[in-house]
Amino acid sequence: MYSPADVTTCSEFPIPDRMKAWVLADPGELKFTDKNVPVPRRAEVLLRVDAAAICATDLDVIYHGPPAIIQGGLPFNKNFTPGHEYMGTVVALGPGVDECQIGDRVAVEIHAGCGQCKRCREGMYTSCLNYGLNYGSSDKGHRANGFTTDGAFCEYQVNNINTLVAISDDMSDEEGALVVTAGTAMYALTELGGLVAGESVIVSGAGPIGLMVIAVAKALGAQPVILTEIRDDRMNIARGLGADAVVNVGKVRDVVAAVKELNDGKGADYVVECSGSNTAVNDAVHMASRGGKVCLAAFAHAPANLDVAHVVSNNIYLYGIRGEGKSAVRRAEALMRQKRFDATKIHTHTFPLAELPTAIRYAKDRIDGAIKVVVKPRLNAPS
Amino acid sequence: MYSPADVTTCSEFPIPDRMKAWVLADPGELKFTDKNVPVPRRAEVLLRVDAAAICATDLDVIYHGPPAIIQGGLPFNKNFTPGHEYMGTVVALGPGVDECQIGDRVAVEIHAGCGQCKRCREGMYTSCLNYGLNYGSSDKGHRANGFTTDGAFCEYQVNNINTLVAISDDMSDEEGALVVTAGTAMYALTELGGLVAGESVIVSGAGPIGLMVIAVAKALGAQPVILTEIRDDRMNIARGLGADAVVNVGKVRDVVAAVKELNDGKGADYVVECSGSNTAVNDAVHMASRGGKVCLAAFAHAPANLDVAHVVSNNIYLYGIRGEGKSAVRRAEALMRQKRFDATKIHTHTFPLAELPTAIRYAKDRIDGAIKVVVKPRLNAPS
Amino acid sequence: MYSPADVTTCSEFPIPDRMKAWVLADPGELKFTDKNVPVPRRAEVLLRVDAAAICATDLDVIYHGPPAIIQGGLPFNKNFTPGHEYMGTVVALGPGVDECQIGDRVAVEIHAGCGQCKRCREGMYTSCLNYGLNYGSSDKGHRANGFTTDGAFCEYQVNNINTLVAISDDMSDEEGALVVTAGTAMYALTELGGLVAGESVIVSGAGPIGLMVIAVAKALGAQPVILTEIRDDRMNIARGLGADAVVNVGKVRDVVAAVKELNDGKGADYVVECSGSNTAVNDAVHMASRGGKVCLAAFAHAPANLDVAHVVSNNIYLYGIRGEGKSAVRRAEALMRQKRFDATKIHTHTFPLAELPTAIRYAKDRIDGAIKVVVKPRLNAPS
Amino acid sequence: MYSPADVTTCSEFPIPDRMKAWVLADPGELKFTDKNVPVPRRAEVLLRVDAAAICATDLDVIYHGPPAIIQGGLPFNKNFTPGHEYMGTVVALGPGVDECQIGDRVAVEIHAGCGQCKRCREGMYTSCLNYGLNYGSSDKGHRANGFTTDGAFCEYQVNNINTLVAISDDMSDEEGALVVTAGTAMYALTELGGLVAGESVIVSGAGPIGLMVIAVAKALGAQPVILTEIRDDRMNIARGLGADAVVNVGKVRDVVAAVKELNDGKGADYVVECSGSNTAVNDAVHMASRGGKVCLAAFAHAPANLDVAHVVSNNIYLYGIRGEGKSAVRRAEALMRQKRFDATKIHTHTFPLAELPTAIRYAKDRIDGAIKVVVKPRLNAPS
């Protein structure tokens, strides 16, 4: 039985020594295997994974290893467990932890900063200058779940208490797994100034983050919120989450002109680029009004052409964001807890943990209209 | 004699009715002619132009008319007087003006906002949504000296009191004409957060704005301030203005690597792109550290290729700025008044107003090491 | 008939030359009389007053003249028309105005800044350094409706276009008259950082502004929002507007302790002092958590005792705000337009304009549970 | 010999096992005794104390124990070593530390936050909600040198790497010990917005912090910087540090009026209250212009009377700050390193560590014009 020194457990939540976990084999390959249940240290807890969502970035990790952000790069890490969007239940406390209780249901931020570098000292823990340094002699205590430290496609995982966000009792596990996506949307709007009531917000691309930006922007009173998108099913979901208008990129001749027309010809106050498309960044800066702001929230796979003269002439600011940041997940959870939007509209499929490859295939190929696909370790298991 | 109704004048500063002025003829052509001395209205003064500097943007105006920022564009404006970087002496006050006195020596911000649009209400008067609207029935009161309203290549010009910045008695006219350039540098650093003491600042390109960014950044305590540049003479001036290091773009294999090496391998806190080069924006975002900030202060003539994934992964923010903004000119003048840097190092040549075409040629072709070239209406004139 | 030069009118909205208006007689006395309908100038419109709410500050103006903010003070102004919280219909446009149309229904911000002073240049138009200067030779164009320029207790009034906020068609006149109060609440939250989702907000005092702070804070996702108050009826309204908890100041021994207990013993993130009570400011700083923020939104009539050592030790910041500021009225209207809260819960009584003294008595003495009392010039009039 | 496990030392800096240290005996009493040299843990180093300055807060600690900020208070701590303003040399590294090297000379911030609470996550580590929790089972890792963890009146002390600020080689030990005081001044100006070039800054009270505010404000280009003070010797030092004007509180009838007169009658943009006097806070808010900002940087010993109505009417903001915050010490050191002001002007006396009681007496009673008094453990010792 699991009973490491200095770790607090509770008989109500018995923990095995070994667990099922997916791990990286060769690039592109996942293997379902057994691992030791990890042990929380100071300022950490052990979570029982209840639901983990699949994100496009998971595919990058599976095929290419840890994200390129790490200076010098880390080697492709065999035996690494991916999975970075999840929620679970606190089942064991590391030494000295009293910030939460065993039994608490929590969503989990991806990043815990080192707490010591310049950015962490500024509160920018997602831009930690010691990103990825959490092994051996260069252990600076940074963690990025499922990117540089083992993630959620397994039964149990440790997490820094900084990453825990308590979720409401009446939130389902699936909804809880979406809190961090909503947190990314909230972070985007935070960096754009946060005060969006009555302001126009353009969202380009109705992937999960784009849809969440629509939902959060509407919850904060933005108006109009306008989506540019090409897929009909996504447009409908966007409308259900409150989008005031949709520009069908496939049907208008000039998407920038179409957006500006909906904004008195002057462009929008805020644009959030969530499509990752090659031309979207340049479109975004042209959709913005003079003095407008653009958030770049998608990992474009190819460089973009940028009309710098337009950016300079029009005092446009661009904010690249990775993931959640500045405790935005907590603010997003607060809106969800208060039923300000229905995040479950973007959850489409649930599979048992054992069927992760199928789940990934659904998410990747958008089978059966898949948007957010979730795996649950305890699905079909005795509870 | 000049004595318009409701305008206050003073016998110490007699004003003629007519003045010499350069005006646009056909695109690319200037004509030296006579014009009526203009009349200040409410919240305006008449300035006697004492010194006007030449800026690269003047050439755009002379060849192409008003800047492209204006929605729909203005027609090429025959009879328009360009010139937007200048200083002068207050010689007449519009009705109700008591913010300054006749005889005051002032530098002049380029932009006076309409005061009514969303951006002006936010204090962003250089991003006025009524940019260029100051004629006839669409007069919203916006002014941009030498861009959309008559400028400084003449003997007298009116200006809104919002644009006036009193200069120190012991500043020469030439130095006074550079205050607005220093103000642009100050605005760049303001938008980057303003707190640069002990922070690394990279300046790409040692044009007048780049050189001023070096000077202002050092005055505010930035360290190190590093210039990337290709011209030897400019490097020397940069060092004289306080640059702690210079990377010779012509001599290093990889300018980004060279800059990072000077910043612990992590990149710089702040990068100010002042070169307008095609590749500079992408270099700038790679020179920045994770969570770093980049100001785009140059009007690039061609679109740039931007590695958006890098911007997103590293939470990099980009700030396009046009000109001066947020009363930065006043802060810049305060530093110059207190002798925190010697702006005259970037002034190289002075010509009489009548020799404007020669002055422009010197500035454009960098004849005789020209950086800032100034014309003075009263040079060789009885004072 | 009303047809001033350069003013645009429309036959659908015929305007008389003379109108009914309340004016100041001796201090404390109002007189119902006739006045010329005023004429809009550049950047101004003429509004038909449809509904004007009564605010405690109106009583100050009626008894003591213009607010003390004005340097040196203005004399008690006989013939002045008070009234500063109102909405109406645009019925005539000053020269060059195209920002709105005749027939538009608008709420009205109180303050239009001069546009030229340091604060206006920063976007702080409610802190205009030329406050009150809008007469004769010192006309700097500042306006404060019903404070320093004629207000709304009459049939028609001019207003600067900067102060106009278009309201939704399905908002009643009474609700429209409350938009500016909601704007004050929004401004309070704006200055506290704006990002209140999931944060604790304490509101001390359930006057109209306090109630609106509750409503707006909840609309933005604050949780918990806690009211401290002594009047039972107000507590009920607060609950109706979303307050999560109420501390009955009359029933707890230690209001600070009671509030802290509701916040993990650590105090609240944000406190908005709306009671004007003598002890409330010191209580507020003790209710705030370390690093917490306090907004002072009430005009206390006596100096407060402040435990400065506590403020310093705990890095507490205090923000004094007067009225609306930073376009917050527009953001508030956007929330109301989207039905995020029901402002009409704080409207209790409506009277015809002619019965203003009765309306004031209701408001002042809280007769019949009066909170916001509105007068309507066209009540019982043919429409 | 000192050789704890997992700690890196260097033969060049041999460390004894025991050291001399001052400790608290009964309240108000200090005892010179022996202690074990402490051992650095993860993210900590051992410093050899080279110079420690005496601050008024040390007296509070000596007479009353840890500062009142701690919830519930800590008991008066016999055997505790006070001393919180100091510099030293790194002589041993805790496990995994590579952020600095043995031999580095560093100034030391007072506070290391827990890194986990809400405020630390925001970058507000001096407002840590786990302030004082660094003992036994509630060890949250917070440290406040000489307040809640052992301080500098001894030969060696451990410190978190977050608190270390490398100092320039050509700074004397005494100057290095003043870096944290300069950092407090920098933090004050940071919270006031940081952009003080050409702005008026009033400093009330020329204690060490007040004098440093003058020096740092001038270094950043503030103008005018005006001191209000009563002691002639301090006025002279203030002038030496750049004060543009001094108001002698003992000689003017109305200090507020005198200050406003020096600011166009409108008041100052920024006021920093450093006197701790009973009436100073209310004076400060009246010295500020409309929309002005006031920093409270002194621990007043009695509550202040505050004219709240003035604060509210004039949109005045007040910022209480304790100590250094937001990496301001690093920015201050950068200015000192670049010789932007001469901090040694406020250092007046140096004593050996053994004579701490004499040193304290000098500081407390201002004997012989004492301002900053420093003790040095190695004075008269072989080096």
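To keep things simple, chains are lettered A, B, C and D as they appear, and every chain counts its residues starting from 1.
Throughout what follows, a contact is a pair of C-beta atoms (placed from the backbone, for glycine too) under 8 Å apart; a residue touches a chain by one contact, two chains touch by 3 or more.
Keep in mind it's a predicted model, so treat the numbers as computed, not measured.
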For subunit B and subunit C, chains touching each: A, D
C-D or B-D, whichever has more C-beta pairs in contact: C-D
Distance between chain centroids, defined by C-alpha means - subunit C, subunit D (Å): 42
For subunit B paired with subunit D, centre-to-centre distance based on mean C-alpha positions, whole Å: 40
Set of subunit A residues in contact with two or more other chains: 118, 122, 124
Interface residues, subunit A side, partner subunit C - complex: 186, 190, 193-195, 197-199, 219-221, 223, 330-335, 337-338, 340
Sites on subunit D touched by subunit C in the complex: 67-69, 71, 118-119, 122, 124, 126-129, 131, 191, 265-266, 269, 281-282, 289-291, 296-301, 303-309, 311-322, 325
Subunit A residues within the subunit D interface of the complex: 43, 96, 98-99, 115-116, 118, 120-125, 137-140, 161-162, 326-327
